[in-house]
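Look at the two complexes coming up: subunit A is in both, with subunit B in one and subunit C in the other.
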Partner chain A sequence: MGRTATLAAWRPDPGNPKQQVAMLVDTTECIGCKACEVACKQWNQNEYRINQELGTYQSHPSLDAQTWTLIKFIEREDEDGVNQWLMQKHNCMHCSEAGCVTACPTDALHYGDYGVVTLDQEKCIGCAYCEPACPFDAIHVDKSAFRQTAQKAGKCTLCFDRISNAMQPACVSTCPTDCIKYGDRGELLKWAYARVEQLKAMGYANANVYGDKELGGLHELYVLLEKPEVYGLPVNPTLSKRLTFWKYGLQPVGKAILGAALFGMVINWFAARRTFKGGHGPGEEAEAPASLHD
Partner chain B sequence: MPGLGTSFGRGAMTTSFWDIPNADVVVFMGSNAAENHPISFKWFLRAKQKGAKIIVVDPRFTRTASKADMWLPFRSGSDIAVLGGLINYAITHNKIHRDYVVKYTNASLLVNPNFKFEEGLFSGWDAQTKKYNQATWSFQTGPDGALLRDDTLTNPATVYQHIKRIYGEYTSERVSEISGISVEDFNKFAEIVTSTGQAGKSAVFAYAMGWTQHTKGVQNIRCSTLLQMLLGNVGVPGGGIAALRGHANVQGATDLAVLYHDLPGYLGQPTEAHKTLAEFLDKTTTKQSYWINKPKFMVSLLKAWYGKAATKANDFAYDYIPKMAGNATYSHYDIFQSVLDGKVEGLLCMGQNPAVGSANAKKVHAALAKLKWLVHVDLFDNETGEFWKLDGMDASAIDTEIFFLPAAGPLEKEGSFTNSHRLLQWKHKAIEPLGESRSDGWYINELGKRLKKLYASSTAAKDAPIRDLVWEYDHPEHPDDFDHLKVLKEINGYDMTTGKPVAGFGALKDDGTTACGCWIYSGVYPEEGVNKADARKRGAPNREDGWTEAKKDGSADYLHLGWAFAWPANRRILYNRASADPQGKTWGKVPLVWWDDAGKKWAGCDVPDMLPVEPGKVHAAGVPGDTPFIMKAQGMGGIWGPLADGPLPVHYEPVESPIQNPLYKQSTVPNARTFGSEHDKFGTTAEFPYVVTTYRLTEHQTSGVMTRTLGFLAEAFARPFVEISRELAQEQGIRNGGLVEVSSARGKVKVQAMVTNRVKPLKMGAKLVHVIGLPIHWGPKSGHVQGDIANTLTPQAIDVNVQIQESKVFLGNVKKA
Partner chain C sequence: MAVRSKVKIKKFSRAQVVFHWVYGSSWFLLMLTGMSFLWRPDPGAAAVGLGPLLQGTVGQSFRLVHRVAAIGLMASPLTWLVGDFRSLWPDLKELLRFGINDARYMLIAPLHYTFGKPALPPQGKYNGGHKVNFYVVVLTFIGFVSSGLLMWFGRGAVPDGTFHMAQIVHSTSFWLGAIMTALHIYLTAVHPFTRRALSAMTQGFVELNYAKAEHKVWVEKEIAAGTAVLVEEPGDC
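Now for the complex of A and B:
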């Protein structure tokens, strides 16, 4: 099945940012040409890095701060000893319950419009808490000497700059087999389940859809030929309770304490001014709590 | 493309990518389309979605194989054994499409009774001159000169009985012993392919360099055409031979004859023996076919080139055309040999990097060092422009003067590409060329202008072809550029009196009143200002998926007739008359072209590839309304088709092979060419026990000059490597990623080992043969990523028909470095 007529023309409703968009990769029709990798780098003006491992067709060992999409090449034999060469486009999954958003102390990572997990480079402090928090190894902070500028996290943006301007993501528009699709998440899921039925009828018994329920629903969906673990995709991934507690339990408390402290200081300032007329303002002190994140 | 030309009449892919989804079976053999033609691959995947079986026959499990239903690893160079085995299977299992074979091909014709095929040699072989005398390869004729035939196909002199006898030896067991495909797998494969030998079923064969780059390249393709004709799979929906071209515009380059042995539009190249135009036309025109119009095309070509100077009185300036001398060949490899022999002293090298891209690279380097001058026109300086820096070169001993001229890139120039399915598509300039870069067209136009200026005052007769050459392409508004549409108009053809473009090749004349630069392209510019190559009207989508599929009522414009222009006459599927039975009624699963009884004409959802003649009648050209191959005598497809190395394809071993030919005493192609220079060395299994095959990857373009220089592509595939099986790696103690030395009689290279289960040792009878694969994209000088030149290892052993090198198979060795 190609990109459906409705999907090819589909664009999100600019007036409805709550709408859920997604990308779907039908891995059974991916030919591993890497055109998506090139289109991604070109659109996003990322840097090239020659770090291919030896003895594989895969271009990079993993995603990195400059490489936001990557085709994984998986060579194996199936149960009958027949060769298989699976190709899976890998990038940020734009989870509904995202580890990176949970881990981010500055809210540089947040849930943006259309279900996209958005990274605000201005707010990113390069702490790299997001890296281990991502179950898909899809976000990275540049720790190498490649970049001269400040360390920042980097990951797929689902081409938010393009989709919010009625264009398709760069990888989608370049894919020669139309195996990368983009559209309304619900519609794509319907398509994906129909495709899996078709594949099963063709004899691919292990075909399945990935991303429907995982982490509250991913915005990167897959039609896979084999079970997710074969591709190194986590089965039923969950966020660590400690992480969620840190973000949604401890951080608000911390911020509340910080807020209370600030409030106290403001009161103090007024009180102090009343007491010592002409005293200096505590302007600089307000920034001090940033050290909480070290 | 003499393979397809000999069989069907035209040297081009018979089908259209848009028709591939109609196939029941797709065979990739000699093609790795997913990697080398990724844009086309969508159509093959759509065939699979619609239930087609995809089979890949390739020494390596490629990205194409990863999408297939069946992968058959086999020994590179045994293609004809496999295809011949399929022919034998089809005949012995009675799977042929008999009506098609009898009515549409020359299978029923009687061959000269003196024809023989013994010990791998056809009758007429002269061991002294290493040439065939083809006198005994003729057809029998009756007293009235008519060809004798036997439609029961039982007469032992019929073409059919000859192929039955010759391929009778190609049993599944024999095929297995030669190719390494197990008997069981081969039979399974044969059953699937030959299941299409009936009306309403079709198989398409896709090939590319994996079939052409052999000393029997032409015969590899010929063999597939035989099989496809026996199965009735040519000219029908979902059938045909998909000849996937090696570059974006290889079809265009061939059509316009950027080759030594042809004139534009496949008119042939005169030799010394053709003293006059009449003699050339008489000796090279296929009678009783549409080719009887050749004089119109040839005279119009001469008018396009020499204008007013070409008159009836001077044989339309036929003398101006260079004639080939006797047996001489002027191919790519002859050029380098001629440089070494001191016959050629200068080379104009445009958009080519032969120092990396040509077989036996060290020999090419030695030849470059002997040049007096080299003009190198390219996007980037590269190994050819800097050959004097390469390994083994002594710069102090080289006197070559090199001129580097910067070329414009594809996006910096206007023009057309003719792609694999004969489609001329216009593209516009996106950006201005960088700095002083100029398009190739600009350089050629300037060269023409300056040569004309140089010889303008000469009165010597030898300079007349330059003085009289029509060369008026300057752009009226941009004095520093040429007008692409003026070139297109000349190619299309125009009326000499009115100056208006002709509507198509039907309007061309042999009296000197029309000019046409390439008759098969005629119709691309039918009116002033109308460029059909730039037309972009697609058929209406009729599927949920957004594409257009064929419909049973023939109503869908699934061949997108309004999108660009396909030669000839915008026909999308060649020989499409074969989609109807001899009476003109559709016999396929979907209609393509049929006889419209009411309108008394051929009609269809494609432009009919047929002369205006009713079934049962014969056209004035000699083509009956019952047969589809209008460029062949009496419209019959050429199962029998004389070429320089035989009238039928038979299995020969490569020049370097691990075995002697198990079928015949004559092991290799008897007249395959090799050169005798000190660089042309050949090896044996004692020193070089493995079969090496070379290939390309998606990520890079040929010698890598356009891709290794771009960071995003350089990172996509960084290093040269060699693919070897786990078994061979274990034998040699090689680990994945380790550095190895791959060698042949010509030299050696150091690359990384890629140890993989995607290459397997082949069991050929009792013998185990290892195959290793080596991509060719890296060179030591240009680009972000570099490596040794794989073509150091490949031999200059070449095909006698088209002079292509055998780089797909040779002997080599691999060792830990």
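Now for the complex of A and C:
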């Protein structure tokens, strides 16, 4: 399949912020060079951390608050006993129905232009509600940052600062094999499904597109050689029911009951000040005032 | 017009008063610093109300205050335990006994405190409302502490579903506690009649006439047993 020359020059329409952009990773073309990891660190000025797991070429065990892009290395035997070495560029999926945005109490995470889930670190208070809300383990709050700056969440921003200035995301612009493609989401999906057909014709029966329908549609799409679970990607992820109940059930009901209770107290006060004139209870007037000398 | 009693009866020890205010002030700080983040109903829209003021460093300061206040809340029972251990069991025993008289009180109280009738059944040191307030405080204390500690220290170590359940428990405790707090403050500081009970939690003493009207069983028992501590002081009426 052709390289991304057709997509390389693509820029979103600055006059149409509702346009859906995406990144597509053709994992079959990834060579695991980690240039995208370096470009991400460099552009975002994230701290370098040596955190290598033994027994793998993977640079970090997982994403963290300072590591927003990670090439995951998966070594396995397929059904025929053939060794496979799979690589998957892992970062924020920029979900259309994002758990992190639902959980964030301060608007630091929100749905930005072009379908990007943006994180404004200035607004973040480090509550970390976003961490367990993400089914992809793609956002983290830096636990170790206490002595440096304040604890803040960190995740891929799809280089919103670059793409909103007609540049490509840093990882896209540096990828030597052009396996990371960037462009209009609809066009990328067309390309992805055609690529999958091509792979199936080549004998890769499990090839599939990931991200088209998941969580309302992801803005990080994949062409995968194997089923999503092989890469550790959740199958048919959904927003946590507990999280949605907490946000859209419990909170409105709590506010309504508290409002009704306050209203009831106001009504009671108007009635009670007529009933209990001077603060005296019923029958109290008839009694002589109590005294120690009674 | 009735003349207010200058005689007061001791209802709470100094340790109990201190406990109440340590718990109350901690809870108030926790409520203010926590509830301010709940006013973001639509995550797709910009933050409204106090939301924009609470972002970033201000919000982080709130988070810090929230955690310091949480320590105050957790430690507050020590003030009662250490300061007046002897009153603990008798008071707890009464608070934990919820009888038919208390149930009748709860049914009648909304009408009584609005229209002055029907008459309330005679109550002990703690009326049915005090007891329900105590149950809510205990229940929310357990809810707050268990879910709060889990969210504070268990992040990343517990399954996501457990963390979300802790959020639900924390918020449920908040709404339950906030409604009870509003009612508690209204009845003890605003309501024309029952606000006369406030002195019990500021001075430890309450007007004898008021105590007779509201806690007849307790007052008669204390006087009969000779354990009532009465003082006469210049009233404010």
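FYI, the second predicted complex is superposed on the first by the 240 of 294 C-alpha atoms of A that agree within 3 Å, B and C clash if a C-alpha of one lies under 4 Å from a C-alpha of the other, contacts with A are read in each partner's own complex, and residues count from 1 in each chain.
Here is the rule we use: contacts are C-beta pairs under 8 Å (C-beta built on N, C-alpha and C of every residue); 3 or more make two chains touch, one makes a residue touch a chain.
Not measured: the values here are computed from a predicted model.
> Mind working out whether A:Asn268 is in touch with subunit B, subunit C, both or neither, as first, second, both or neither?
So A:Asn268 only meets subunit C here.
> So in the superposed three-chain picture, is A:His110 touching just subunit B, just subunit C, both, or none of them (first/second/both/neither)?
Touch status of A:His110: second partner only.
> Between subunit B and subunit C, whom does A:Gln251 touch in the aligned arrangement: first, second, both, or neither?
A:Gln251 contacts subunit C only, not subunit B.
> Where does A:Trp85 make contact in the superposed view: on subunit B (first), on subunit C (second), on both, or on neither?
The first partner, subunit B, only.
> May I ask you to decide whether A:Gly15 touches subunit B, subunit C, both, or neither, giving the answer as first, second, both or neither?
After superposition on chain A, A:Gly15 lies in contact with neither partner.
> For the overlaid complexes, name the partner, subunit B or subunit C, with more touching residues on subunit A.
Comparing subunit B with subunit C, the partner touching more subunit A residues is C.
> Regarding the shared-chain residue A:Gly32, is it in contact with subunit B (first), subunit C (second), both, or neither?
Touch status of A:Gly32: first partner only.
> For subunit A, which residues lie in the overlap of the subunit B contacts and the subunit C contacts?
Comparing the two interfaces on subunit A, one with subunit B and one with subunit C, no residues are shared.
> Which residues of subunit A touch subunit B in their complex?
It is residues 1-8, 28-29, 31-35, 37-38, 41-42, 47-57, 59-60, 75, 77, 83-87, 176-178, 198 of subunit A that touch subunit B.
> Any idea which subunit A residues touch subunit C in the complex?
Going by the criterion above, the answer is residues 101-102, 104-111, 120, 122-129, 131-133, 135, 141, 143, 150-151, 240, 242-243, 245-247, 250-255, 257-258, 261-262, 265, 268-269, 271-273, 275-285, 287, 289-292.
> Please output the residues of subunit B touching subunit A within their complex, sorted ascending.
Those in contact with subunit A are residues 34-35, 38-39, 41-42, 45-46, 49, 61, 63-67, 71, 541, 543-547, 698-699, 711-719, 721, 736-738, 752-758, 784-785.
> Show which residues of subunit C lie in contact with subunit A when the two form their complex.
Against subunit A, subunit C makes touches at 1-7, 37-38, 40-41, 43-44, 46-47, 51-52, 54-57, 59-60, 62-63, 113-117, 119, 155-156, 160-161, 163-165, 167-168, 171-172, 174-175, 178-179, 182-183, 186, 190-193, 195-196, 208-210, 212-214, 230, 232.
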